[in-house]
Amino acid sequence: MGWFIKKQQPVAKPEPREDIWIQCPSCKAHIFKDEWEKDLKVCKECNYHERLTWKERVDILLDPKSFKEIASRISFNDPLKFSDAKGSYASKAAENRGKTGLNESIVTGTGKLHGVRVTVAVMDFRFLGGSLASGTGEKFLQAGMFALKHKQPFIVFSASGGARMHEGIISLMQMPKTCAVLARLREAKVPYISVMTDPTTGGVSASYAMVGDIHIAEPRALIGFAGRRVIEETIKQKLPDSFQTAEYLLAHGFVDIIVARKDMKDTLHRLMKYCSR
Amino acid sequence: MTNLDFEKPVSDIESRIADLKQMHPSPSSEIEAEIRKLKEDQIANLKRIYADLTPWQTVQVARHPDRPLIRDFIAGVCSEFIELHGDRLFGDDQGMIGGFATIGKHRVVLIGHQKGRTLEEKIKCNFGQACPEGYRKALRLMKLAEKYHLPVVSLIDTPGAFPGADAEERGQAEAIARNLMEMAALHTPIVVIITGEGGSGGAIGIGVGDTILMLSHAVYSVISPEGCASILWRDGTKAAEAANALKITAKSLLSLKVIDEIIPEPVGGAHRDYPSTMKVVGKSIERHLDKLSHTSTHKIVKRRFEKFAAMGRFK
Amino acid sequence: MTNLDFEKPVSDIESRIADLKQMHPSPSSEIEAEIRKLKEDQIANLKRIYADLTPWQTVQVARHPDRPLIRDFIAGVCSEFIELHGDRLFGDDQGMIGGFATIGKHRVVLIGHQKGRTLEEKIKCNFGQACPEGYRKALRLMKLAEKYHLPVVSLIDTPGAFPGADAEERGQAEAIARNLMEMAALHTPIVVIITGEGGSGGAIGIGVGDTILMLSHAVYSVISPEGCASILWRDGTKAAEAANALKITAKSLLSLKVIDEIIPEPVGGAHRDYPSTMKVVGKSIERHLDKLSHTSTHKIVKRRFEKFAAMGRFK
Amino acid sequence: MGWFIKKQQPVAKPEPREDIWIQCPSCKAHIFKDEWEKDLKVCKECNYHERLTWKERVDILLDPKSFKEIASRISFNDPLKFSDAKGSYASKAAENRGKTGLNESIVTGTGKLHGVRVTVAVMDFRFLGGSLASGTGEKFLQAGMFALKHKQPFIVFSASGGARMHEGIISLMQMPKTCAVLARLREAKVPYISVMTDPTTGGVSASYAMVGDIHIAEPRALIGFAGRRVIEETIKQKLPDSFQTAEYLLAHGFVDIIVARKDMKDTLHRLMKYCSR
């Protein structure tokens, strides 16, 4: 009865208009901008979780108007007077500040999550690749001390390419610095929840991201210590796509739970109930 | 002794001494005087060169094939060493070793990177690049030190943590991170000495201490100069430039307050005179252990927190 | 429902009921009465059989393919369960699962063996035989429980710890041993329930608790009856004899004071009635958590020590 | 110049006389009995460490005449009234007692090691294969409590085929029982050194043998949880000879140090100096 079936003509795809469509950076599917925003920048086709700005995170995470920034005035410095081929670190960072309105790669503050007072630190990849530097470490420290003082659960969203080499050894020292304050939280039994978002790598993965009471990851987030290229050079072979994904880390025992963005707030709230003493 | 490029004047003198000795199997007193003179010259040259090494030259000294390694320090500084093995979880990484040691009158737990001397050893040690099980072995020993209130002495000499797929799989990041947190809170004194290369996360993974010492020609950096150059200049050969920019020498790090004290190496570098090196390193460790032994543990841990909390230069 | 050999009278009745139903698609009231009568018979038979199971029959019930597994208990007993994964060292063993759970008004950390229902699941779980990383995951979660003073609820159902070369290599012995010591000292209440098979070291590895409960048709043994038979009689078929000799039933263990309480299963075993099983298990856990919550942690840990210190019958 | 070399005639080996020779159970070399005893029953050809009786251990380990037994009167019982094909457990154990003079598979006591007061527990494989049972556990517990009370380092020599199944579940319970007392020692910072000798397997390896501050093993000792045959059945392949040896455990991170018998006393003494607080 084949003759009944009308062959469907391929519909000429409309040229996507940038004002109303967005293309998923991962699967290249075209998605309505409205829908994309409503889905919290998660692709409904492939579950790709796009990187968020700190503001977008806070808006998703905290009760409306509850966020109050901590250590807001702390800003990057240039301890080594560092310059590279493309110019000075100072000017590059200043340019970044201009574009993002950020003083550093992290924003810290306090607010309410379903009514529970929490301290948060949210990295923003737009600021020099979310690199870990003096300002980042200091803001982290001050937020941590605030959490300690007020016994508020400390929730940290990581998004980082690693240490900021323009600050040389000083950036490396932010690893023990941030972990030192977390040791204090641990001693005081103040909950610390680490949320790893895309990407959580290098010095951030090897410091505060990996010493949480609970490790959450967003789906498909890149998480790892060494860079893929470096590892491939070391082992002289190609790595599978699954390497260093959130799912890979879950399977290898370093992530407690993978949480989709839309469930993040509720899951954090549920988890905190178990860590209240 | 392998001479480095920038040691050419020294090499030249060495050749001339060798030539003279060959030409004059039974040297006259004049020839002997000349050789003496040349040797004095050689030392003067070494002094001059080493007084003013560039950061990149320092890197080469820190990586010198004859530079003393952890087993040399153990042999030269400790009157007793009982090596303890394993992380009680997965393996016994040769890139990180440790055990009970006696230094002067102090019983300590000593840990540190092992680079290996022979090629066979180097391969076993991953060229000093420790794996997660290495960091976990170090942590286990540090917790043992804490239990019996033995100070920890940590010797750093690594190009970095091992960047292999297996190390990644077994949680290199977690292993280093955990050490940072545990060391920050460890209830016993910790003396850290950067003896050669202080390579990034691989170094700081056993580098959180109350006193951070550094040999005068050692380096300590967030990234290797080569790595930095290839990222920032897309050109690995600009390593010398990167070494300069990164401020990786003992002098720079002292002024940045990342280290507490420089241990001066003998003329021409530690590799030219092991006995003197061991003597000065031993004395320095002892002095700092003495000092720390007079402070309460509570205060030590508090100060360690304050020390690392203060690290950073921001506006 | 798979019937076991010794349930033949029940199977027979079931067949007759099925036959009757097939022959009488629209049964008369007489037929209906007969079916009712048969069903009563069936229950009477089950009661009779299960009141007097031999140890070897009990083993078969404890291993019944339809016996409720940990996921069933979680679904039936907990109003909330948030699974947490991984040992933070090597892997996320599926043979041992755990997470935060709410039972009645109690927030707890729940851990336990997972056997898996489908073949695919069973393979993933090693048929409930946990690996070192499973015991280490359980320990990590128990330490988390201790930190936030959540009671631990531990569900035991395993043929034993996985006897693979890789498990051995990664320290099966160490992992179990460490759990025994850590659980003995854990500063939070621990309630253990043996729900199915309590297999040797693999069971006790998460079995050190303040209250040890056991389902009435579960078994708990130092070695499987088959293993015992093959060692002692060089004949694996003498398992029934071994099961007898080993005293592995709840009743025997209660009289030996190895367990504290028997949780009665519904008529015909837990696999015949999940809802009733869940109800009675949930109530029992709640009751014991209530009780423990009124005791100081210090006293709990002290009593736990005394409880296990008292285990043994010697001259 | 081959003709210079006189072909050596194979010397007819003298038939070894049992009164003066001993044959190494491992390499089959014949060794003078005197030498064998002088070498503490270690083969100088292949370094095989023969199993020792508790008395031989104590003689090697402790200062002369310093040993005083603890809990000496505790003896095996038969809680399950266990019988197997070869007869009752009770009669078997009694027979063993007759042969060895032992009440149980472990002897516990206190003594001096180079002048340092220590508590020791020494297993003896001759008593029912060094199996772990009620009596073993109770003696271990009492020795541990003695060490705790007197703050003496607790040194345990394991030699065991595992749990004694004739005591059923009660034997399994000796695992948590012994570890519970070790938890107390740990809390009080009383040193606990575990020495694993050939064989340390099953329930003993999975309890007190593996939770020491320091793990010592004698060379080539068999150490493991599951039996080789069971593992080979599980993985359907043959295991190498090196599997579950002391050297294998060292390589895999579970043994701190392998110590030859002749160095054991001195090494223990040196180690204890580091664990004195």
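Order as written gives the chain letters A, B, C and D; numbering starts at 1 within each chain.
Operating definition for what follows: contacts are C-beta pairs under 8 Å (C-beta built on N, C-alpha and C of every residue); 3 or more make two chains touch, one makes a residue touch a chain.
What you see is a predicted model; the values in this text were computed from it and never measured.
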| item | value |
| --- | --- |
| A-B compared against B-D, more contacting pairs | A-B |
| Distance from chain C to chain B - Cα centre to Cα centre, in angstrom | 54 |
| Inter-chain centre distance, chain A versus chain B - centres from mean C-alpha coordinates, in Å | 35 |
| Between chain C and chain A, distance of the C-alpha-averaged centres to the nearest whole Å | 41 |
| Shared-contact residues (touching 2 or more other chains) in chain D | 252-254 |
| Multi-chain contact sites of chain C, meaning residues that touch two or more partners | 88-90, 170-171, 174, 178 |
| Overall pattern in which the protein chains touch one another (line/ring/star/complete/other) | other |
| Interchain pairs in contact, sorted by label | A-B, A-C, B-C, B-D, C-D |
| Contact footprint of chain B on chain D as seen in their complex | 189, 191, 213-215, 250-257, 267, 270-271, 273-277 |
| Interfacial residue positions of chain D with respect to chain C in the complex | 74-77, 79-80, 82-86, 104, 134-135, 137-138, 141, 163, 165, 167-177, 179-184, 186-187, 202-203, 205-211, 223-227, 230-231, 234-235, 239, 243-244, 252-254 |
| Footprint of chain A on chain B - complex, ascending | 161-165, 167-174, 176-178, 180-185, 200-201, 203-205, 207-208, 220-223, 228, 231-234, 245-248, 253, 256, 258, 304-305, 308-309, 311-315 |
| Chain C-touching residues of chain B, taken from the complex the two chains share | 88-90, 136, 170-171, 174, 178 |
| Chain B - residues contacting chain D, complex | 80, 82-92, 100, 107, 109, 133, 137, 144, 147-150 |
